[in-house]
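In order of appearance the chains are A, B and C, and numbering begins at 1 in each one.
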Amino acid sequence: MNDLLSRRSALRAAAGTAALAAGATLAGCGSEVSISSDPDELVLWYWNRSFSPGLLAQAAEQIPGTTRRLRADLIGGTFDSKLRTSLAGGAYIPDITALNDNVALYFPNEDLFHDLNEFGAEEVRDEFYDWKWSLGTTTSGRFCFWPMDTGPTGFFYRADLFEAAGLPSSPQDVGAAIRTWDDWIDLGVQLRAAEGGSFIIINALSVFQQHINASSERYLDADDKPLFTQPGNAIREAWDVAVRAAKAGATGNLQLVTDQNSAFSSGKVAGHIDGAWWAQVIAETAPDSRGLWRLAPQPELPGNRGGSFMAVPKTCKDPAAAVAFMRWLTTPESQATSYNEMQLFPSAPRSFQLGTMTGGDYFGDQDPLAFFSEAALQVPTTFISTYESQVGAFAVQIANVESAGKDPDTAWNDAVEETLRILAKRGVV
Amino acid sequence: MSLRERPATAVEPGLHKAGRGPGSAPRQLLSSAVTHLCILIGVLLSLYPFYWLLVMATSTTGEIFSYPPKLLPGDNFGTNFSNLLANVDLLSSLVNTIIVAGASALLVVLLDSLAAFAFAKYDFPGKGPLFLVVMATFLFPANLSLVPSFWLMSELGWVGGLQALIVPGAANAFGIFLLRQFAMSSIPDELIESARIDGAGFFRTWWSIGLPMLRGGLAFLGIFTFITVWNDYVWPLIVLNNPARQTLQTSLASLNTAYSNDIGLIMAGAFVSVLPLIGVFLIGSRHFIANIAAGALKG
Amino acid sequence: MAVPLRAPARPAARERLAVTGPSGTRRRRIRENWAQYVAVSPFYVLFLVFGLFPIACSIALSFTDWDGIGDIEFVGLAQYSYLLQDPRFWNAVTTTMIIWVISTVPMLLLALLMAFLLHQNIRFKGFYRVAFFVPNVTSMVAMAIVFGSVFSDTFGLVNSALTALGADALPWLSTDWGIRVTIAVMVIWRWTGYNAIIYLAGLQAVPTELYDAAKVDGAGFWRMFTSITIPMLRPVILFTVITSTIGGLGLFTEPQILLGDGGGPNEAGMTIVLYQYNQAFTQFDFGYGSAIAWALFLLAAVFAAINWRLLSERDTVRTKRQGAGR
C-alpha cells in the first residue's frame, strides 16, 4: 500500500514538473506487478520460429529437472519495444526472454538481468562455441545472455548459372577461386560479363557488412572507443573492398528487399553471403531453384550473422529453474531437435556429432550441415558494442557510392563525421 | 491530371443557355460516359492493390517472389488459411477485436457528437480556449507516450484488459473537429433557434436535430474509428499481456519472425482481417444513401 | 502558438450571438449553459486522466537523456540545441514538406472531384463508394509489398510499362525524387477515397434544389462545382486541409513500410515522424525522440494556424451570405 502511494505521488510530481520528477517516477517503480499469478509457472517471451514447438510443449508440462512449468508467450513485431516498456514500467516482466543478435543494446542495463554464472552457467561453457558465448558476456564480465542459435556465414551461389557462364561451379573449385576478396570480385566481373549477366551479390552494402561480420575487430572496442578512425581499421578495409566490388560492376545495386527477392528468384543475382539460416530464407523465396544453389567458403574467413540469446530478468520468480530450462533447451541433443524442426543452427558443436540432424536437399548433393559446422569453427571471437546501433551512416553512404556514384572518399568522410557526431551526442566520444 | 481536365471540357457547352435545347441528350450521355470513365479508372487504381492482396493470400511465398510475377490468384489459400488457424486463435481474437472496435466506435460517435454539437452551435463562456485545447491535443504526436501510458495502465491495473484499448480513446479531438465542421456546414442556425423556442433543451436538440442531421458525418466517424481501432497494433501489442486475450492484429503480428517470413501466410491473415472491415463499410455506407434520399425528399 | 489558434474562435462566436443572445452576466451564462459543459466534459476528463500525464512526461523527457530503461539524466536544452544543428533532422523536415506538397494537393483535388462525380445521380454508386474506400481499409503490410513490386527499379510494373512504351525505366526506389514521388503516390492512393467520402458526406447537406436551380439556369459542371459545391463545403474542406496538413507532417506509415526504419537509400524517405520513431524506438534515444516530437508539434501548430486563418476568414463570409439568403 505504501509502495503504491509513493508511486502515485511520484507520478503526480512527474506530471507536474520536469526531468527530475520523471527520474523519481522510475525510482518509485518498486512494486512489481507479476506477469503470472500461478506460482509454478515461468513465462517466456519469444518470437515465431525462434524455439522448437516440440520442446516448448514438453516444458509446458514440466521443465525437466524442476517442479516448474513454462508458459511461452509469442510476441510479434516490435519485440524490443514491448520488452523495454515492461522493463521500464517494472511490471509484467517475463521470467525468461528471448533476445535477438542485438543483445548489446541491453549491456547498459545489465543490472536488470541475472548473471547466469551465479546459477552454474560456467559448468556448460565448453559445450558452446567460444565466440558465441563471449557475445553474451557484458563489458563488465557478467554473463547475462544465454546462447541459442548462430549464423556462421558462407558464400551461397547458383551453380547452374556459374557453369553456364563458363566459371568454376563445384564448391571446391569456387572455394579455390575466391580465396581473397579481389579474386571474388574478379569472379563477379566475369559472371557479369558472361551471357545472362548475373550479379554475384545484391549490393555493395552486403559486401561491406559481411566483410565486417568476419572480422574480429568492429566499429568500437570494448571500452566503446571508435576504431574506425584508426589507421588500417577493419571498417575501412571492408569499405574499400565494397567500393572496389561496386566500381567493378559486380554488385547488383538492389537496395530494397522486394527487388532482392525477385532478383534471387529470377537469377539476376546468382550469389549471396549470409548466415546459415539464410538457407531457409532462399528455400522459401525461390523454391523453384531447389538443387541449383551451392555453398562455398567465402573469401578469407567466415563470420557470423544473427543468432539469438535468452536472458533472465531480475524479477524472475525462480532464476535457478529458468537456468535449468535454458540449459535443457540448448543441450546438443535439444539443439539438434531445434535444427530439425526450425532450422535453428546450433551453438553447440557436439550437436553435429550426434548424427540426428538432417540438412535437407535444397543444395542438391551438398550437405549444408557439414559446410556450416566447418565454418562455425573458424568464426572469429569479436565484440559488438551497444553503440553499433548508431553507425547507420556507413550503410547509407556505401549505398550512395553504389547507387548515386558519390565519391568514395567523400562518402567515407561523411559517414565518419556523422557517426562521430552521433556518438558525441550519446556521450561516447 | 487527365482525370480533372476532361469533365471540364466535356461540360463546357452547358454554360450556354441552350442547356435544354436540341442536342442536349447526346451531350448528357457523353458527359455521363466521361463521368463513368473517370470513376472507373479511379476504381481500378483503388482496387488493384487489394486484388494483389488476394493474389498473395492465395499463393505460396515462393510464388509471391517469383519472376515474372504471377498475376492470377493461386490455389494455396486453403493451406495458408489452415496454417493461420493452426498458429492463431482466430475466433477469440476476432471476438475481442469486434468488442474493442465496436465499443470504441460507439463511444466516440456518442461523446464526440455531443461535444462537437456544443462547439458548433452554441456559445458559452470559455468556448474558444476550450476548443483550442481540443485542437492542441489533435496536433500532439501520439506514439511517444507509450512508456508513461503503460505506467498509467499498470497503475490502474488495466494491463491485459480490453478497457485499456477502449477507454483512453473514447472521446477524441479528431472526431470533435470533424463533426464540428459538419455541424457548421449542415445544421442551419434557424433549426436550433426554433427548437429553443419550442422549449427543447440542449440534449433534446442534440438528439432530435443534431444526430439526424449529422448522420453522414457520424457514419463516417463510426466507420473510420472502427477501422482505425481494428488495425491498431502498437499499443495493443504493448498493453495486452494475456496470450489468451489478443486482438486480430496482435495475433497476426505474432506470426512475424526475426529473419524470414511466410509471406503467403501473413497475407492470408491480412486478407481475412480486412474482409470484416469491408462488410462494416458496406453496412455503414447505407447511411449515406439514406441521407441522400432524405435530402432529395426535402427538396 | 496560442495566439493564432485562438483567432478562429472569434468569428465562430460572433456567428452564434443570434442563438443565445448577448444578455446576462458571465456567471449566469455559465449556469445557463451547464448542458454544453456537460457535453464537452467527457473529452477533457479522458484527456486529464489519459492524455496529460504522458504529454507532460514527454515534455520532461525532451530535457533528458534516456535510453528507455536505465537512469534518466537531466541535460537541459542539449537535445534541442543538437536538433537545431542536426542535418538529418533538417533533411527530414525538407523531405516531409516536399512529400506533403506533392501528395496533399493532388489528393484533395482528386477527392473533391471524385466526391462530386459520386454525388451525381449515377448507377453503381454504392459499389464505387466501397471501391474508393478499400485502400484505407487494406492492410498496410500487404501494401508495402504491392508498392515495392509495382515501383521496383528492375522488376516493377511501372518500369515494365515504360520500357514497353519505348521510354527509359526510371529509378523510382533508388533516387531521392523517385522515392518521394513513390511515397506521395502511396499517400494519394490510400487517402483520396477517404477524403472523397468526407466530402461526399458534406455534399449531402447541400440542398439539391440549389443544383436544380443552377441547372435551370444552364450552369454546367464546372460552374456548379465552383459556385455551389466548393462554397457549401468550405468547413468540411477546412477540416480535410487541416487533417491532411497534420497527417502530412506526421507522415510515417507509408515510408516505414516501404523503406523500413532507416528511411531507404540516402534517407530519402526519412520523414520527421519516421526519424523520431527511429531515434526513440530503434536507437532508444527517448530524450531526442521527444525533442523531435515537440519540434514537430510546433511546426504542425504553425501550419494548422495558417490554414485556419486562410480558410476560416472566408468561412465567416460564406456563413453571412448563406444567412442573408435565407
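Here are some notes:
The definition used in the following text is that a contact is a pair of C-beta atoms (placed from the backbone, for glycine too) under 8 Å apart; a residue touches a chain by one contact, two chains touch by 3 or more.
Computed from a prediction, not measured in an experiment: that's the story for all the values here.
Interchain contacts join each chain to each other chain, per the touch definition above. Averaging C-alpha coordinates per chain and comparing to chain C, the farthest chain turns out to be A. Among all pairs of chains, B-C has the largest number of C-beta pairs in contact.
With centres set at the average Cα position, the gap from chain B to chain C is 15 Å.
Chain A and chain B have Cα centroids lying 39 Å from one another. In chain B, the residues that touch at least two other chains are 67, 69, 147-148, 152. Across the assembly, chain A contributes 11, 14, 25, 78, 81, 85, 88, 258, 262-263, 266, 268 as residues in contact with two or more other chains. Shown for chain C are the residues in touch with two or more other chains, namely 53, 57, 61, 68, 145, 149, 155. For chain C in complex with chain B, the touching residues are 2, 5-6, 8-10, 12-13, 15-20, 26, 29-30, 33, 35-37, 39-40, 42-44, 46-47, 49-51, 53-55, 57-58, 61, 68, 109-110, 113-114, 117-120, 122, 125-126, 128-143, 145-147, 149, 155, 157, 189, 192-194, 197-198, 200-202, 204-209, 212, 215, 218-223, 232-236, 238-239, 242-243, 246, 250, 273, 276-277, 280, 286, 289-290, 293, 296-297, 300-301, 304, 315, 319, 323, 326. For chain A in complex with chain C, the touching residues are 11, 14-23, 25-26, 78, 80-81, 84-85, 87-88, 105-106, 108-109, 112, 253-259, 262-263, 266, 268, 389-390, 392, 395-396, 399-400, 403-404, 418, 425-427.
Of all the residues in chain B, the ones that touch chain C in their complex are 3-4, 7-8, 10-20, 31-32, 35-36, 38-39, 42-43, 45-47, 49-50, 52-53, 56, 64, 67, 69, 111-112, 114-115, 117-119, 121-141, 143-145, 147-149, 152, 167-168, 170-174, 176-178, 181-182, 184-186, 188-190, 192-193, 196, 201-203, 206, 213, 216-217, 219-220, 224, 227, 231, 263, 266-267, 270-271, 273-274, 277-278, 281-282, 285, 288-289, 291-292, 295-296, 298-299. The touching residues of chain C, counted against chain A in their complex, run 52-53, 56-57, 59-61, 63-72, 74, 82, 87-88, 145, 148-149, 152-155, 171, 173-175, 259, 262, 264-267, 281-285, 288. Touching chain A in their complex are the following residues of chain B: 60-62, 65-69, 87, 146-148, 150-152, 154-155, 157, 159-160, 233-234, 237-238, 241, 243, 250, 252-260, 262.
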